[in-house]
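In the two complexes that follow, subunit A is the common piece, with subunit B as its partner first and subunit C second.
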Partner chain A sequence: MANKFIKLTVIYIFGIIVLVWLLFPFYWTFLTSIKDPKEIIRVPPLMWVSEPYIENYILAFSNEEFVRGLANTVLSSILALLVSLGLAIPASYGLARAGRGIRIRGKDSLYFTFITFRMLPVFVFIIPFYLLYRSLGIFDTIGGLVIAYILIDLPLAVWFLTGFFEDIPWEIEDAYVMDGYPRTKAVMNITLPMALPGIVATAIICIIFTWSDLIFALTLTSKFAKTATYTLLGNITFTQVKWGELCAQIIILSSPLLVFSFYIQKYLVRGLTFGVVR
Partner chain B sequence: MNKDYLTVLPGLIALFGIAIFAFVTTIYYSGTSFYLFEPEYDLVGLQNYVDLILWPRFHNSIMLTAIFCIGVAIQFGLGFILALFLNLNYKIMHAIRAIIIWPMVIPPVAVGLIWKLLLDPVTGPVNYILGFPVEWFGPHSAIWSLIMIDTWEWTPLFCIIFLAALQGIRKELIEAAMVDGLPFWTRLRVIIIPRVMPIAMLMVLVRLIDAIKTFDIGYATTMGGPGNASEILSILNYLLVFRQGFVGRGAALSMITFIILWCLGNLVVTFVRRLRR
Partner chain C sequence: MDFLYIENLTKVFGLGTKNEVVAVKDLTLGVKKGEIVALLGPSGCGKTTTLRCIAGLETPTSGRIYIDGEDVTNQPPSRRDIGMVFQFAVVYDSVSVYENIALPLKAKKISETEIRRKVKEVAEFFGLSNYLDRKPAGLDIATRQRIALARALAKEPRILLLDEPLTPLDPLSRVKLRVDIKRLQKEKISTVIYVTHDQSEAMTLADRVAIMRDGKLIQCSTPENVYLTPADTFVARFIGEPGMNLIESKLIVHQGDAFINVGDQSFKLCSEADLKVKKVEDLILGIRPEHIDITDQPADLQGTVTFVEIHGNRSLVHININGNDVVVKHPTVFSGKINEKVWIRLQRDRIVLFDRETGRNLELKEASEHA
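Moving on to the complex of A and B:
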């Protein structure tokens, strides 16, 4: 009995340490976002506030640069995602079925060709993009950003989707075709609905990556197409850091991603390990 | 060439269309004396590469990136221990599992900024809780602080992979071992580690690639400073091209990074091929 009690105590103490380690940074960000400017610079730091100061959120939403940044983030993420999914869904379908009803040779090499793009250093692309975009007139535009984001999304989407498609039993689709339906219709009616949860997870993971991008935005935009991650840095100047507003903006920018996280966890494992761990 | 290739081709063409031109241009720039603020430049062959290899600032950056990669080993260890605990059937473990990936889904630049706030020497809560002042972003400590931030962000990745691998081990196997009275350490060594290790090595490689590419948290916190004390490769590359204008040398640096990542990437491919068989 006493032994069991000790075990339980140890486990809960460990658990609480882990929870604090994980959540304290989030707690502090939120806390700072509801502190007034005087409370933020208080020494020793206040560990909680009795009266939340919501002014920071009002300021964030009336900050034209941040709101436009947010709109740019959403817009460029979604556009790049749509293009990438449009290309990645057929590609992953083909790769997953290669040798199982689809005649594609060198499946592995093709698959890894896609994934290799994910592993390259971004500077290999960014330096020419930076110069080329200026001469093409797409520097600091959503369109230019979307092209760069396809480079993030497409390899990622093929990587994850191929794994998810490999789990689908093809017999149903084939039986449908055997009954005389055209292949495309069978794919639309049977296979895609079965793959939908995986496609949604992939879409979310792509969104998380482009939503979080800094380096492309930093180098390929300067004013009008700045994304929210870039405008976060605008709160930091030589003379001061507007921590209150900055933290409110971080909370606004991160909340959707935190909500998404509940859905993707199990797909993340499956996809990241190239389907080795289920 | 049959029409089945039409499923894969558009995607491949799009990727290569966007990337190949850029890639070839980078190779070309890496052989020139291109300086951003002067229109004229010459072909200099391998001069940029030679200059880099002889450049102390580059050596420093390679060293710091290597040190930064130690973080991956720390994340590996912590992730494994954490996964063993989270695999236990207690309410608090379920609670942790639900939010464990939070650090890795928020934008890395936000992670950097949050930790800059936490570690602030005057108003930061960390030094206050510790009770004594620590200079987190000093000449010797800055790189270790970056490692700590990276560890906060990416330990959850190892943890969820290990957790899934642990749950993939058949229950009967563990139960049989327990009935036989094998102590915990023996179970760990004989049953768990051999089954988890292959996938763990794969994740180490994937994480190493990402660690070498790390940019955002460095940019948000120290920007390579103080001096060059935390100037990891991607930060050096950024400063070189976009602050100082040395496009030629920056392109050469990105090609060197490319070669390193290419080797690691090939290891990943070999590994996955073997595991999927």
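Moving on to the complex of A and C:
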């Protein structure tokens, strides 16, 4: 009994330390975003505010460059995600199903190739990409950014979804076929709905990666297609750092992901453990 | 041609790769209308692959499959009109039991009243009438498997394929469902292919048992034939509990009589005129444990009792005869002692002789006779 109590206490203390360590920066960002300029530079800083100062948020939304950046982030992330899922769902289904009814030559090497793209650091790509994009004329375009983001999303999606598809008992799909329905219908009516939690989790993880991307945006865009992460840097000028506005923009940029992740927590945990265990 | 005819079926997985696996090799099998044929064999022998080829879930590497005289080898499963039940009880939890059973009928596009009638009928057969309106979630495995069976049967398929449907069930409901399947075949007269690794299931259910090993069909015959005249030593040992006794011996013909030599012992098998096999010196003598009698009078062979298992009022007696462990099913509790010397007598008409090199039954001409 006492032993269990000690164990739980240790777990809770450790958990609280980790939580503070993870959440404090976020809290500080939020706090700064609702402080007025004088309070931001006050020494020693206050750990709370008595009266929220929302001017920073009004400024952020009236900042044309930031709003366009936000739109670019949303657009490029979602387009890249849709294309990636469109390719990854059939690919993963095939990889998982290979050897059971369908044949894929070199299945393992194919799968490994997908994963390898994920292992390479992004910095390997950026210089060739920059040169390539310049000569192809897709530099600083949403389309160009989407192509780069597919490179992030696709391997991740194939990796996760293959695990999910492998975990679905194939007999259910086969039984549906034996009940007199064509295979395509069996996939649409049986297998895909069963894989939905996995697909949702995969989508969220992909979105998180592209949403927070800075490297590709910084290298492959300059003006028109700048994403929100890029435009955030505009708050750091030669003469000053606009801390209030910067923090407000960070909160605006990250809140959709936060809300999203909160709602699909259970899928997310399942999705994450799937990829790791396999 | 038989109702279902499988001709030289071969299925290779991973053809041309280093992981190439020959699952089924040159299998030919005919099944008559209304017959239950059990595909029996150890796991990995290719029985499920054969079934999936019949279903159309796998494409044969070579060979053809005919149903009712029609070549269906390249037809998709949905057009073959076959029902199938899997080891894993497939039930759609999101819809009611009624909808589950009605699903294949809806694919056939028949009228709603007709569907209602057929579902009711088949549900009654499997004792599911009370469950029709509820969802299957929470039902036990045996009931779920009944739903799967009802669904496969509702559309009155030309052939019903059962892939170890009883394996996940507890022993009691296994026996109950086994009776149902037998009754189903009697009343509905559908042709059934039944895959199992459980010989008692195969022997009790099937009209004919097809025994497979390493992708090849070894023997296909009635349960009685398979039991009494196995095609080779594998079948002899695989069928029966315990399997057939296999004793290394020699066949000697001397002065018009045929003798069997086991080590330094010898007994007269029959007269040379009655000998059904061509003279092969080295062979394996096979005899079932219940076809041996233990006696204290001098008989065919003498050995030492090594071990006795008592099963209620019967006993299994292990006797060492010149290094061969021979098991005898004794009809009463065996009263003898361990290490005691006893005589055994082999029932002559139950002795089966196998070639020692190939293991084949020397009296059977063809391995897979279609009797």
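The rule we apply is simple: the second predicted complex is superposed on the first by the 241 of 278 C-alpha atoms of A that agree within 3 Å, B and C clash if a C-alpha of one lies under 4 Å from a C-alpha of the other, contacts with A are read in each partner's own complex, and residues count from 1 in each chain.
Going forward, a contact is a pair of C-beta atoms (placed from the backbone, for glycine too) under 8 Å apart; a residue touches a chain by one contact, two chains touch by 3 or more.
This one's a predicted model, so the numbers in the text were calculated from it and none came from an experiment.
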| item | value |
| --- | --- |
| Which superposed partner A:197 touches (first subunit B, second subunit C, both, neither) | neither |
| Partner chain in contact with A:143 - subunit B first, subunit C second, else both or neither | neither |
| Partner chain in contact with A:169 - subunit B first, subunit C second, else both or neither | second |
| Partner chain(s) touched by A:177 [first = subunit B, second = subunit C, both, neither] | second |
| Overlapping contact positions on subunit A, where the subunit C interface meets the subunit B interface | 103 |
| Interface residues, subunit A side, partner subunit C - complex | 99, 101, 103, 105, 169, 171-172, 174-183, 190 |
| Touching residues on subunit B, where the partner in the complex is subunit A | 2, 4-8, 10-12, 14-15, 18-19, 21-23, 25-26, 29, 82, 85, 88, 90, 92-93, 95-96, 98-103, 105-111, 113-115, 117-118, 122-125, 128, 152, 156-157, 160-161, 163-165, 168, 198-199, 202-203, 206, 209, 212-213, 215-216, 219-220, 234, 237-238, 241-242, 247, 250-251, 253-255, 257-258, 261-262, 264-265, 268-269, 272-273, 275-276 |
| Complex contact set, residues of subunit A against subunit B | 11-12, 14-16, 18-19, 21-26, 28-29, 32, 40-45, 47, 83, 87-88, 90-91, 93-95, 102-104, 108, 110, 112-117, 119-125, 127-132, 147, 150-151, 154-155, 158, 208, 211-215, 218-219, 229, 232-233, 243, 246-247, 250, 253-254, 257-258, 260-262, 264-266, 268-270, 272-278 |
| Touch list for subunit C against partner subunit A, complex | 13-15, 17, 55, 57-58, 76-78, 82-84, 86-88, 90, 92, 103-104, 107-108, 148, 151-152, 155, 161 |
